[in-house]
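Quick one: structure below, then a few questions.
Just so it is clear, A, B, C and D label the chains in written order, and each chain counts residues from 1 on its own.
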Amino acid sequence: MTNDNAVLIKVEDLKMHFPIYRGVIRRQVGSVRAVDGVSFQIHSGETLGLVGESGCGKSTTGRTILQLYKPTAGKVFYEDVELTALHSEPMRMMRKNIQMIFQDPYASLNPRMTIRDIIAEPLVAFGTASGKEIDDRVRKLMGLVKLDPDFMLRYPHEFSGGQRQRIGIARAMANNPTFVVCDEPISALDVSIQAQVINLFEDLQKELNLTYLFIAHDLSMVRHISDRVAVMYLGIIVELADRNEIYANPVHPYTKALLSAIPVADPEFYETRKRIVLEGDVPSPVNPPSGCRFRTRCPIAEDFCAQSRPEFKEIAPGHFVECFKWDHPDNQRR
Amino acid sequence: MINYIIRRLLMVPLLLLGVTLIIFGMLQLLGPVERSALYIKDFPKNEKQVEGIIRQYGLDRPFLEQYFRWLTGFKNPVTGEREGGILFGDFGYSRTASQDVVDIITNRFPNTVDLALWTVFPMLSVGIWMGVKAAVNQNKFFDQAARVYSIIGTSFPTFVFGLLLLMLLYAKTQWLLPGKMSDWVSQLVFSGSFKQYTHLLSLDALLNGRLDIFWDALRHMVMPIITLSYISWATFVRVTRSSMLETLRMDYVTTARAKGLKEQDVINDHARPNAMLPVVTMMGSSIAGLLGGVVITETVFNYPGIGKAAADAAAQLDVVTTLGMAIFTGLILIISNLVVDVLYAFIDPRVRLA
Amino acid sequence: MANELLNVQGLETQFKTPEGIVHAVNGVSFTLNEGETMGVVGESGCGKSVTMLSCLRLIPQPPGKIVAGKALFKGQDLLAMSSEDIRHVRGAQIAMVFQDPMTSLNPVMTIGKQMEEPLKLHLGFTPQQARSRSIELLEQVGIPRAADRLKDYPHQYSGGMRQRVMIAMALACAPQILIADEPTTALDVTIQAQIVELVIRLREELGMAIIWITHDLGVVASIAHRVAVMYGGFIIEEAQIRDLYANPRHPYTIGLLGSLPQIQEQGRKRLYSIEGMPPMLYQKPHSCPFSPRCRWVTDRCRMENPLLEPVGENHRVACWVDTTTGRER
Amino acid sequence: MTESTPTPTGDNRLLAEATSDRKISWFERTLGPDNYRIVKGLFKTPASIVGFILIVLFILIAVFAPVIAPPVGNDPMKIPRDGFGGKPKDPGTAWKKNVPEVPFWYEPLTGKTEWVHLLGTAQGQYDIFYGIIWGTRTAFQTGILVVMATVLIGVILGSIAAYYGGWVDNLIMRLTDIFMTLPYIMMALIFSAVLTPVLGRSLLPPLIAMISFGWMGYARIIRSDILSIKERDFVMAAHVSGVKNGRILFKHILPNAIFPTLVLASLGIGDVVLGFAALSFLGIGTEVGYADWGQVLSFSRNWITSLDKYWYIVVFPGITLTLFVMGWNLVGDAMRDVLDPRMRGKT
């Protein structure tokens, strides 16, 4: 399935390195290469899933797209506007269109503000509503995320995790954005609440024609909600494809291992299939391996993998892989 | 670890520079003539000499130049000897005590060390013991009592407490005495028949085999020791207790219990070493505080240490002497903080092996 | 029939909080047989961890309190024995592994020393014996250069390695039961897979019984023989693993399984979602704790709390409604 | 930076979840959650209630000082002297010279019509009762002034350090380190000694000295609080919402970072008064005869050998000072529990 809609977000060779300072004079001794050159596009109305293990740079990617960090290199476009070139005030104005939902529903709401003030904040910031209009709009938004509008004078600590996440969603929707970065929005929630929130995301997307970048470590949820999926490892995207394609025909050895490691709620599944268990731990992003990032844990790595970084190659329409051995017999698309 | 120590060592000159700058900077509030008191030994002052000193030390010059001369002193063109210079140990001349400030320090510092020596153990051990015990018996009687004690202890001003001790144990009963030594001891010490190996009276008494003198020294020190201890206990109980309570909630304590360890071992081997980490820092600053002179306690009990010297001088507005004391105690504190930080690094593997 | 190892009856545990008493566990009964792996599944606050910690009397008392129940381990009541006796059970016969390997190891004690503690304590090993056994154990759980790494401190290990150490430590005295309290929750997916594979291998080698507490229905499917689902401080369903996933009977279990996206799914199916929130447990539930969220709810559910009753071979459910027919039982 | 691992959903969230179902009183709603928590902390334990009562009592004494001890002469802050005799006089001795007006409460309470030295006199015949009553005003004056000034300096320096970061932060924090190294009482002593010739004997030298060497703790705490709040998700969420920087600072960062410190700092008044009394006791500060507890106490330094006879010079002002400090400490102890970061969000 390819998406014919217009490209909404374009990321070109984005890099985000965080300096590490040491010593009395705070000399820079190195940097955490959280995001180290990623490129992708998100089409209008689609959901791009971004998965990877903790520390792989997926959240940093999301935040850098939103210009919450000043990227070390690379460009980010929203439609035709280059976000990375904007000064702070024009960028602030862009935030009407670009929004974010956070992982931790406990930390992302100011404990000193009422729900009304939290949801109204983007409205006030852009002057989109004033006076009594604000209350009306807040009530509508609370209804949109299925919260009782009568609770709007309460404080965040009076709500449960799932309800708080809905408050965060209402805030993000206040100015009718077009693009929303969802940064692990369900990983802090209980299993039975996760489905509620996921369904809400889908409903909102249909209703408001939203475009999502959905960041998560839970591969089965990502598969459920995404149109296309990108897999990150140690600051780079190792594979990107349509969701059915990537789950049915994973090519990169890391994607394969990751997919096989997903716990499946089906005991029979485990009676027939053995999982691929990767050896060792993820290397440090301060000192990533030379050449292919994954070679230290890769079951099919060879000496030449250490020499240079493989190309991010389109091996089939819409299916990109960063691996030298994408055409290796074990790696063939079936 | 090595890096950490080096980094810490590099901080020392910086701290010294800052400390001396601040202290000398305070003098700028005074005029050149008052500042000249730093170097004047005669009293009443001879105006010509004052002018000479102002010129020699550049006391009417810009601040940095004054500061530099104050640090390094200068060579007397007549005698060829170096005069002044904090860096060379010349802290100035004390008018109120009619002696060099350095001499006051060398006379008084052993007394402060003597007191600190006997205070350290009771001060540290009892407070920590109470804190641990209170945490282990959370909300039981001992804990409640310890908390009440901690509040009262931190609220009771040392000098009030000290005066009450004097009232009961000295004025009323004569059991314990203020000051450093009885007259007969001081005669003995000055006569020279009493050998001063360490200049710490209590130790010297033991080394000379004079238990009577040792007993006298103790009688003079018990009240300051009690006063210094009760207030430290109050703070140590609070810090140790809360640190211990926090540690007891940690997962690794549950792990230790799940291994089947005796509750006593869980506390002694697992909880306490971790709970002590923040306490160690406080222990360090307490010991440093003792060595830096305990101004109020020494004054209340008329104990001739560094702190009393500073207080006496300050009360008579003798800026030169107090300044000298401040620089000296500043130095002591910088060194002891350094030692504590390095020790801390040794105790905590997360710092040591970083 | 295999031998019964642990038999818990009517366990109730409460916590005193500033807001009132929280009824965390409200009468839980189950048995664990020799060599069997039982999964305990539930959301946060359902009482699954508290149940297992209560069995070993490891909940902090106060504020926690075990109000009622028995936990018979080979016929002896763990809840009634002296604190000296239960110490000999902990770590020696029943061992535990906790959720967060970052905080479960003492940061200022070497791995070696922490490994040796139970060996010396329960098996009376000399320091040399304990050391060499520790090396063996670390090698068994797949820690390279084990002899060198004994001298290291926990912060020098990675998360996955730390959890391996925890497992090695738990298995040091060859316990009959291993209680694993969300041992993979704090780990990444690929590391999680490593740990699960490791435990499966060790189970085959050592043959101990395992209680695996988790909120992840996927992880449990890969390791357990039998599953107990907990909600509101009760076990609400219990069955053999395949039976539970194929024929869930309790509305909560049905909802939980339905709310997971299927790995084989092709089109975009809407997820089944259980509306509402888990209960607060400030009072001991006298009705079915799931009734406010249940789509099969009847008047009886709101009045009386159903007991766990058999509905098939080795399958027990606490529900007034037969969800296969939609009628009251 | 490295991404946080997913929050583990263990049973430890039980409490946090549970609180959301709590009934919320109109009182809490009016005050807002944090203020409510603080007020609740004030009345949390019997100990903190006792502390609160003590503080209120001292406030009443300070306010009604002219009624309790009618002023004699022009300056009420000068302790009235009953002659110039050397030896202290026992409590209950009749007043001979400079007898104050007898207030209305005196006769019904004591049954006497003549003023006596209720709590005795110190050397120089300074009346101890007057010293204590009017000294309460000195205590509040010094305490409030020093706390306000040190917090202000601390907040300004700490926020600048946190906001600008880089070398500004480095400079301010190293300066703080250096000031921290210096021994507090000793430095306050010296600075007062230096200031006294310039400003004359008054409250000012010790106040300035205590302010100059008392701000570092606040600067450090506020800096680190701001830095940690700055990293919190809700601040990032405000950025994403398009909120302007100024509003983020004043609406999101400062209130969350500074209020706890302000509350604790205001409870530091007890410690300040303690320090000030210590300086006075050492002979630094106001001129002899000023109504100030430390000074009244310092009179006893000349009578150490006969303290058993003149116990009242120590006991009465000593108890007053202790009760004052204890009042603040009792409330402060309860507050620390309430504001403890580990307790935040748990109500």
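By definition in this document, a contact is a pair of C-beta atoms (placed from the backbone, for glycine too) under 8 Å apart; a residue touches a chain by one contact, two chains touch by 3 or more.
This one's a predicted model, so the numbers in the text were calculated from it and none came from an experiment.
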| item | value |
| --- | --- |
| Leading chain pair when contacts are tallied as C-beta pairs | B-D |
| Per-chain Cα centre nearest the global Cα centre, belonging to chain | D |
| Averaged-CA centre spacing for the pair chain C and chain B, given as whole angstrom | 55 |
| Between chain D and chain B, distance of the C-alpha-averaged centres to the nearest whole Å | 25 |
| Computed distance of Cα centres, chain D from chain A, in Å | 50 |
| Whole-Å separation of chain centres (CA-atom averages), chain A against chain C | 32 |
| Touching two or more other chains - residue numbers and ranges from chain A | 54, 160, 163, 190, 217 |
| Shared-contact residues (touching 2 or more other chains) in chain B | 11 |
| Residues within chain C bordering two or more other chains | 43-44, 99-100, 188, 215, 277-278 |
| Chain A contact footprint on chain D (complex, rising order) | 1-7, 9, 13, 16-17, 19-20, 22, 24, 29, 32-34, 170, 232-234, 236-245, 247, 251-252, 255-256, 344-345, 347 |
| Touching residues on chain C, where the partner in the complex is chain B | 53, 56, 58, 60, 62, 83, 87-92, 95-96, 98-100, 103-110, 117-118, 121-122, 153, 155-156, 166, 169 |
| Touch list for chain D against partner chain B, complex | 47, 174-175, 177-179, 181-183, 185-187, 189-198, 270, 274, 277-278, 281-284, 297, 300-301, 304-309, 311, 314-315, 318, 321-322, 325-326, 329-330, 333, 342 |
| Residues on chain A engaged by chain C in the complex (per definition of touch) | 53-54, 160, 162-163, 190-196, 198-199, 202, 217, 219-221, 223-224, 244, 247, 257-258, 260-270, 275, 277-278, 281-282 |
| Of all residues in chain B, those that touch chain D in their complex | 11, 14-15, 18-19, 22-23, 26-27, 29-30, 34, 147-148, 151-152, 154-160, 163-164, 166-168, 170-172, 178, 246, 289, 292-293, 295-296, 299-300, 302, 307, 310-311, 313-315, 317-319, 322-323, 325-326, 329-330, 333-334, 337 |
